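Chain lettering (A, B, C, D and E) follows the sequence in which the chains are written, and residue indices restart at 1 in each chain.
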């Protein structure tokens, strides 16, 4: 019957709308469900996953020594040309020439945090850090030198 | 409120009527002609209300005439616009001079 | 001069100015807007005359209805921003002469006649009274014209629908989709009916 | 598809007889990116749609020719960024197929788990974006709340939230995080609990149903002839789930149904995706407690050199069938790689689906196509 | 103490004593205009903030919370931003109409403020055709939208304007019929009469189910008339980018934006006046004690409380429902709302004639 169908239409439609309104109304009156994170304010309590890939860093120990031998495996592994390694020849105490890094240049602006360089590194010299606030006013600041001045390769790392 | 003489109100309505007439004479576009007709109808309405108010304030006949004119004007405009749109569909123009043949 | 007189002359100037612009501007949409202003001015004149009911009806019917309708027909029939052709000088001249003579004649009549001014009688338009009189069947009732106008409106409505329908029957693409369902094209409708069957 | 003159012709000029030509995009709220649709309208009715592509073409296929087999997988995350895992998997599988690397069982299970999580995340985003296209803003946030849990799981295990680069030839990059299983179970519980909200707000809503039912119809034959795949084709009744038809990894060992619908309209596509999420949950529940012990990555050489030949693999992404066609000359870089992306074929059906409907219907149709523009342009 | 009653009388007496009547009238006009404009500004700020907060809480977010305590001055900051922005006018636009349109919309919203009774004895113009005036003047706002759509010389704007025109003109019918049902019960078009008739209970409770149906229809129709979601087809942002105000920027856009909120306030105020008794406190029949307690709450609080409740309802709609399609929108009006409200009006008339209401 036409009228019955019509009324069923109206009632069914209104019920479905009211159901939706009940759901949104529930959230309106339950502020505990709010999931907003107040980002710059909660920096202190911000927990990042330990595997989060923010930038490539090179670990230096207390003696200002790192594990990079300058083998350029990371440079080859990188798909974007993010890493550039400049090597030099050091004189060992025995008087032999030894290859070592002069500068480990890391272009953060090119990096996509794919982790291939870290995977490729045979000595575990570089790793991914959790820092993610990279914005700067000068693009040149994104080109970083990872080995600290005066650092040298750790003894026994080949 | 009767600070303005009736003649002034009548003059306004006459002037409006003449403006509408001028529009009707000079325009060749049906929509603008319709607009001119609306202006003329309105000037008549002003007359009715003014006469009612100034000459026979105890009656409401002018008000009723105005109401009926407004209603009829609405009906007239609706039909006219239906015709105009139909004309536009068949002739692709709403110029009166393009609609000289008596068929749609 | 009293304040109400000043207001009247302002309204009158507004009505006439907007009216003149409505019939002389060559942009059709602007013409409709000037017409709208003229009509709103007339509504203001009704307010000034203290017939608020008529003023409200004027705004509802003319502004809310007719002008919107006119604007819609402009949207549907006019290319955006195109100016209308200028009427020829001869045309304008003779129209102007005819109109000015007409105006002069009527103005002469109005000023000569001398209306019997019946001042100081109150003029009250109670909405209830209009309604009562509109539907009364006594000698001064308006039930017959009211019914006649209702019939006219009905006829106009049917007429509009018929006029608008006639063109559409032959042209399926322009037809409005049937209520509630959407017609996409032939293979869609056939397959949905299959599905429903 | 278009000649030079077609592309540079004036896309703003109106057609004859009151036809209105509007340019939807490249910047438009409903195109979700830089898709450019030139739409010919008769009043509100669509007469023709011409998609103009290329605004986000980054020549990924050409780029991969200069990247090694380890490197090129990561680029594909940027194609269909919402199912990055699945793209990466397709590339990794191609290399494995070419070099006949045997992937450890544990890696396979992890890959499948990640795939299904990605699928749910992608569909969650889609459900929100689709509701937003139709004017309902709130479901977007509810959908993102659940999606956030998945991205958190991804971040913990893979180290990134969107472009994970977790699949490598031979397995996965790391082992799963110790809390992975527990977090996934938590997610599954919450998802099952919250999914009723979408039903209240979207699925059963009378406005939503009337906006989508009977809109953007695609028949089975058309779906096949336009090369549609994924939920778009399955909603028209085409059985095309690669996971069922050509099982890869451990899909042949888990129980799940291929979701099919025959209505072929926007609502059917919507329902297919919603039911697909439930199937993904079913797969996850079966696998999450039985991740086998063992290696997570096969032993591979440092430099991958597949033999000379042509290799093709296909996987089921959230949007449909992704094929990777690899031509190897035996060197360290591919000679040619061609991706058969699902979005491109699905988009090609848009004109056919939307013709004769209203502009509002176009939003429903486009929304249920689930277009990711970089996937179309590559 | 919070009641506005009496303040106006005092001011008028003082003015009449100090100046001659003509000057006093002028000063009163100036004061009223000033008050109206400041009310506009305050309402705009409050309603925009309210909308954002309601939206945020429905969407499990916090909403603006940086500018001022709890984000209170966010709208002020937004306004400053909009004022500073350059008001662009498209090259091929009809510049006169393009610049006129936002003012038309704004002036219409301003005119609508006149007959609203904000509190006991606090009303700018108690015109004898009050509700008719409101429905008449509110039909003017569509002109501003059509003007904006045409003058922008943009196809999205034109489509939005046409949609909006069809929508507003057709939804005016059912809104008018819903208003009529109260007019039938009251027997008067005057706002003060309508409020006075709710002395012993609001019409929503006195008028049985037909008035409740009329109330629901009124809410739906005014939501459509103010171009709010789920009826925001005129500016459907996923279809027409921003509809009729696509080309507007800066202060002219702000005027459209403000007018939308003022219109919501006005229609909600009318709804509160017609169905919920305006400033009339909640009175129940002959419960003298209860009525007396309710009278202690100032009338302005009652008025604004009811109005804001209705505004909240409309915002709740907006953030819950998807948008309708244009043909469905017209179907809803012509197939559902109009027949139901016509039938409903018949029922209400029956109730009024037989005196069945309380």
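Criterion: contacts are C-beta pairs under 8 Å (C-beta built on N, C-alpha and C of every residue); 3 or more make two chains touch, one makes a residue touch a chain.
None of the values given here were measured: they were computed from a predicted structure.
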Centre-most chain [mean C-alpha coordinates]: E
Chain of greatest Cα-centre distance to subunit E: A
Chains linked by the largest number of contacting C-beta pairs: B-C
Maximum centroid distance from subunit D, chain identifier (CA atoms): B
Interchain centroid distance [CA atoms averaged], subunit A/subunit C, Å: 68
Chain centre separation (subunit B, subunit D; CA means) in Å: 62
Between subunit C and subunit B, distance of the C-alpha-averaged centres to the nearest whole Å: 7
Inter-centroid spacing, subunit E versus subunit C (mean Cα positions, whole Å): 26
Residue numbers of subunit A (touch at least two other chains): 17, 20, 23-24, 35
Set of subunit D residues in contact with two or more other chains: 138, 145, 201, 205, 207, 358, 361
Residues of subunit A touching subunit E in the complex: 10, 17, 20-21, 23-25, 27-28, 31, 33-36, 38
Residue ranges of subunit D touching subunit E (in the complex, touch as defined): 20-22, 28-30, 44, 131-138, 140-142, 145, 201-202, 205, 207-208, 210-211, 358-363
Complex interface listing, subunit B residues touching subunit C: 1-12, 14-16, 18-23, 25-29, 31-32, 34-36, 38-39, 42, 45-46, 49-50, 52-60, 63-64, 66-68, 70-79, 81-86, 88-90, 94, 104
Sites on subunit E touched by subunit D in the complex: 55, 58-61, 155-156, 159, 163, 229-230, 232-233, 236-241, 319-328
Subunit E-facing residues of subunit C, complex: 3, 27, 29-30, 33, 36, 40, 52-53, 55-57, 59-60, 63-65, 67-68, 71-72, 74-75, 80-81, 126-128, 176-177, 179-180, 182
